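Quick heads-up: structures coming right below.
Consider the two complexes below, in which chain A is the common component and chain B and chain C are the respective partners.
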Partner chain A sequence: METAQLTTARPAPAVPARRDWSALFAYLLISPPLLVLTLLIFIPAAQAVIETLSTTDAATGQTTLTLQNYIAFFQDPILVANLEFTIQITIATVALLFVIGFPLALYLRFSKSRIAAAVQVLALFPLFVPGVILSFALIEFLGSHGMFDTMLNLIGIQGYRTPYQHLQGIVIALVWENIPFTVLILTAGLRQVEDAVVESARDVGANFWQIFTRILLPLSKRSAMIVLCLNIIGVFGAFTIPYLLGPAQPMTMGVSMQQTFNRYEDRTGALTQAVITFLFCAVVGVLYVRTITQPREGQR
Partner chain B sequence: MSTPFTSAQTANAPVRLPPANFSKWLKAIRRDAFGILMLVALFIVIIGPMIAVILWAFTQPGGWRYPSLIPTRWGLNYWADTLMRADVTRALPLSIGLATVVTALSAAICLPAAYAFARMNFPGRQALLLSFLATNAFPRFGLYISIAIIFFRLGLIATIPGVILIQIVNTLLLMIWIPTSAFQGVDRTLEEAALDVGASRVRVFLQVTLPLVLPALAAALLLTFVSTFYEAQGALLIGIPNVITMPVLMYDIINSQPEPQYGAVISLVLWLPSLLLLLFAQRFVRGGAISAGFGV
Partner chain C sequence: MGNIKRIAIVLLVLLIGSVVAACAGATNAPAPTSAPAAPTSAPAATNAPAATSAPAAGATPTQNAADIKPPSSGENVINMYSDDDSNIRDWLTNKIIPAFLQKFPQYKVNLISVRGVGNGPRDIADRAKAALDTNSDPLADILVFDCTTYPALRQADLWVKLDDTNVPNRKNVINSIKTSDCSQPYRGSQVLLAYDSTKVPENEVPHTFTDLLAWIKAHPGQFVYCRPDKGGSGSNFVVRAIYEVTGKDPSLFKPGDPDPALLAKFPDAWKLLRDIHSAIYDNGAYPAGNTQVQTLLANGSVSMASVWSDQSLQALQKGVYPPTIKLVQLNDLPFPGGYNYLSVPKNSRNVKGALEFINFLLEPDNQVSVVKDLGGFPAVDWSLLPKDLQQQYTSVITSNVPSWPGGKWTTELYKGWYDNVATNIKQGSP
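Coming up: the complex of A and B.
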């Protein structure tokens, strides 16, 4: 399988005389998905920003710019607590994903043993477990008097307190769900470091730590950046896991938005919360887009 | 073989005696202690919860109580009960139908575009292809809320077209990027050779290009079908209370059903397509197609 190369493998230039027509035909072919992308992603997102920043006077029908929706959000202690809760979960999840994912990826990149193959199968397994099933499984496994509690009990550990309906439960499930993605991307990045580079460093007497900090880390910066950005955005935009595993209060932003929209039918309130998650992710999103549009090292 | 070792045999082919083998094993373990440690930890953490679900699905009413590690009374009591629930018999065909329609629509929209991205030259090609990756930059549920507001005004809430549309959003990236890289991977000289011996362009596409990209296209279709089948958040937000798919039904069962057996049986039934994918897609996932979809 060739992977889509951004900078190489450009199609051969078409015959100049037919060029205009073939370009037109190409635009025709790509317009349907671009239309869906524009109508269902870019326009709703832009509309959300505009709508929450404006207010229409019922009497005169005049629309004016206002921050009142955002002021209302930040004056509501429950909503602010929800935002803080989401940020805490994001930081904890992303940090844990790196602590677990980086050693796993390094191991999978450099070990060729049968155990490594088995570790890889297990690390990718969550890719094939949908969020609702995962949430149900973790409730049964980690709940008080669940299977994990029983296992601890068997080896003599008492006083287990379940993470279910606590921040920890959400973090555990989100880490579980995102390990395959993290390991896949980090391993793919490490694979771009050639064996020969590592071996020649080893030949001149570099130890593991030197190889790690001077070669592997700098060369896998791109994939680490992608993992960081997408995991932050992913956790911020999560719904199923926090909804099923989290406490009733505080909620994550995703759950809060859904409740505001479906239960309280407060559309503007839900939209304001959505835009706040956009803003929090915007910095990271820009970083992500910049990372993927930059040409890869050594491929310019 | 019934005959014991003869001296000739031992001389010709050194028999691997258990002790030697064992010490080799030990050495391998010591060398890969980190790997084994991770294997055990991952097994408990990743497979453990799945085992709990499987065990619950085969437990009689009240047949598994703390502190027993496994159920004490086994049975299939809940299977017929669960699968004949009216909400399940309504949701399962709906989910399969929706996933089929969404996959077909997504393929019809995206595959010609993927061909164009891979094989044609036009201004803005890179930027437009990258704009599909930019969808990753939005927090998913916030985006769904802003779509839902527009759907609310268009009267698409709680309708099947509304659910189809929101689920298509999720499929674009996969359906564009995997086929694009597949079309790019086709060796041009094969097509040119066919053209040289007089085949028409259509025939070259059907008989040379298409067979070469078919495995990747099949993988893209399968991945799209399965991920749509399991898509729960968009379907919940847009679909309730009229359009209830299987994953949306799971939310309700998890929240309101005190006996875990119902959820366990539905989980196992729901999980079937994913297991199929697991068997089919292992090699594909390792090939790097998925990581390419995130711009690595």
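Coming up: the complex of A and C.
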């Protein structure tokens, strides 16, 4: 419905007749994805928001607009703890991804050795491992009396405490899972920095640190932003890994939603959590959209 | 030139990005329906429908089991619908049905699996009711279904009344599990304590719930039970704590809407469990399933745990548990469990054959097979089974298997446990 309005109303008044056709064609081309988005995402999302914003009086059957569900969320210490837990995991994971991903990307960008190819394959490997498999592998490996514990014992280290069913376990798995994406985008960004720029800097006597901070970092800011935004959104909404590796309490928002909906049979509560999660991700989403629509710096 | 190259790179990045995003989405998005099923539907889930199975709201029926039709129907055909796990279906197909046909060669038995299809046997029950109204063939003779879970059909008088005359072996069945005259229990499973006898000396083994709590507190980190919504071995431990604070009388808990007076006592149970929280394995790390608990016990991380009888007996048989693992039941009030029930619709075209099959399942030989081949509990009194078998299971034999009504009761249990026991946050005013 919305697309139909767009196609007829928008282009008609101002533009000349010949270009009208091409505009119509363009709108026609984008209408299927727009239709899918509207029907499967926007409408259900709007319904969810409306449901969480209204309460129906049991006695009179009257529906009123209220923030009651949201107030209840922020007054429930357990739900707030879940939100904080999710934010902690997101910050820790994304920070670690940069610490690991940036050196890897730099190495892959500038090394021409054969080892680099092997490192690239290794860095991309997690892309082909589903989260469920990864989680069970980590449980076996990191669990108490698991392989890691046994190895530590062999070299005489005792008192290992497993990260499984703790925040650390979730972070380890999420970092592992997201390395390929981070490295791919960062490497692609670094490849846009032409060799000539780096070489001329080297010619005038810049050391590695200077090249990194003055040239590479500013020029790959854009890809870093893309990685940052998409990783935050992905980690914040992650479900499988926190579900399988996390503690009973607190839970990440994804797990909490499932629990509230499925186990406590509280639909509105789950929807409220979903809307709050969406709002957090939307802020990052806006940042992402601004980054990719912004005109490129240093365009010649 | 440079522009084209740049655009190509951006396109490539976007393409890769979207592929990655799609992959990430694929692992994240469908998980709520697929992944959780794995940890919750451990083998025991089928043995104790009341305690382990997720609430119906969780299952999103994509199909209707009633669309499944048997290959044939009639006076000499027995169509049995089951949502059991494959180990149970294998046992029926390879062991019970051939033995039955040897004794009753006039019949043909079709075992039809409706596991994971719509609402399973419940859909078949609905179909039978529809057939009753229109006086047509329900195409069903036996359902793996407990008639008490669906009062509407019971009131509609859909089921054959079972008694000692039409099912002669019913007289041997443990009285407390004959919950109705429209369903017949034939095998069960119960939660027990499993302990490592090398670490827990015989004189320390707890035999009452109070002793157990004291033992847990005295041995921090050595006991574990799983999250109640992730496995019945955990939920029945929690149920046992609720029984403890409500006068140890399971009969107070009736199916349907929870009794507010009893709900008001739940916080006392949370207090009991909260008290042992920090003495649970890894400072209160509750595993997410029956199997994970078994693993912790088998690898020596803990020395005692609450477990399912059938899973543990199988674990001992298969060597998953070292032979030093021993099983014991509490003797003040045992841990709850569940039985598997069979029902026969009145309009079945072969009521006689269906009843004969049910009666056959209750024969002592087949009840022995329940214990030996399935690791389950018999529905008939233990005293009717061979002496050596009784001897072997003497520590776990009980004549009383409390059963939890499920439904809304379970919802209250989950929320109460997660909000009061598993968290370090004190729940303030609502």
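Throughout what follows, the second predicted complex is superposed on the first by the 257 of 300 C-alpha atoms of A that agree within 3 Å, B and C clash if a C-alpha of one lies under 4 Å from a C-alpha of the other, contacts with A are read in each partner's own complex, and residues count from 1 in each chain.
What we mean here is this: a residue touches a chain if its C-beta (ideal position, glycine included) is under 8 Å from a C-beta of that chain, and two chains touch if they have at least 3 such contacts.
These numbers come from a predicted model, not from an experiment.
Novice: Output check: A:212 vs chain B and chain C. Expected answer is one of first, second, both, neither. What do you get?
Specialist: So A:212 meets neither chain B nor chain C here.
Novice: Tell me the contact category for A:281 with respect to chain B and chain C: first, second, both or neither.
Specialist: The first partner, chain B, only.
Novice: Have a look at where A:166 lands relative to chain B and chain C in the superposition and call it first, second, both or neither.
Specialist: second
Novice: Using the superposition on chain A described above, determine whether A:98 touches chain B (first), chain C (second), both, or neither.
Specialist: neither
Novice: Using the superposition on chain A described above, determine whether A:70 touches chain B (first), chain C (second), both, or neither.
Specialist: neither
Novice: If you count the residues of chain A that each partner touches, which comes out higher, chain B or chain C?
Specialist: On the superposition, B touches more of the residues of chain A.
Novice: So, does A:48 touch the first partner chain B, the second partner chain C, both, or neither?
Specialist: first
Novice: Touch check for A:249: first (chain B), second (chain C), both, or neither?
Specialist: A:249 contacts chain C only, not chain B.
Novice: Looking at the overlay, does A:226 come into contact with chain B only (first), chain C only (second), both, or neither?
Specialist: both
Novice: Using the touch definition from the top, say if A:110 reaches chain B (first), chain C (second), both or neither.
Specialist: neither
Novice: Can you give me the overlap between the chain B contact set and the chain C contact set on chain A?
Specialist: The answer is residues 127, 130-132, 139, 145, 181, 184-185, 188-189, 191, 223, 226, 230, 234, 237-240, 243-244, 254, 258, 261-262 of chain A.
Novice: Help me check something: in the complex, which residues belonging to chain C touch chain A?
Specialist: 2, 6, 9, 12-13, 16-17, 20-21, 23-24, 27-29, 31-32, 35-36, 38-39, 54-55, 57-58, 227, 229, 282, 284-288, 292, 295-296, 299-301, 411, 414-415, 418-419, 422-428, 430
Novice: For the complex, give me every residue of chain B touching chain A.
Specialist: For chain B paired with chain A, touching residues are 28, 32, 34-36, 38-39, 42-43, 45-53, 55-56, 66-69, 109-110, 112-113, 115-123, 125-126, 128-143, 145-150, 152, 165-166, 168-169, 172, 175-177, 180-182, 184-185, 188, 216, 230, 232-233, 236-237, 240, 247, 250-251, 254-255, 260, 263-264, 267, 270-271, 274-275, 277-278, 282, 284-292, 294-296.
Novice: In the complex formed with chain C, which residues of chain A make contact?
Specialist: Per the stated touch rule, the residues are 75-78, 81, 127, 130-132, 139, 143-145, 161-162, 164-166, 177-178, 180-181, 184-185, 188-189, 191-192, 223, 226, 230, 234, 237-240, 243-244, 247-250, 254, 258-259, 261-265, 300.
Novice: Residue numbers of chain A touching chain B in their complex, please.
Specialist: Going by the criterion above, the answer is residues 1-6, 9-14, 19, 22-23, 25-27, 29-34, 36-37, 40-41, 43-45, 47-48, 51, 103-104, 107, 111, 113, 115-116, 118-142, 145-151, 153-154, 176, 181, 184-185, 188-189, 191, 222-223, 226, 229-230, 233-234, 236-240, 243-244, 253-254, 257-258, 261-262, 267, 270-271, 273-275, 277-278, 280-281, 284-286, 288-289, 291-293.
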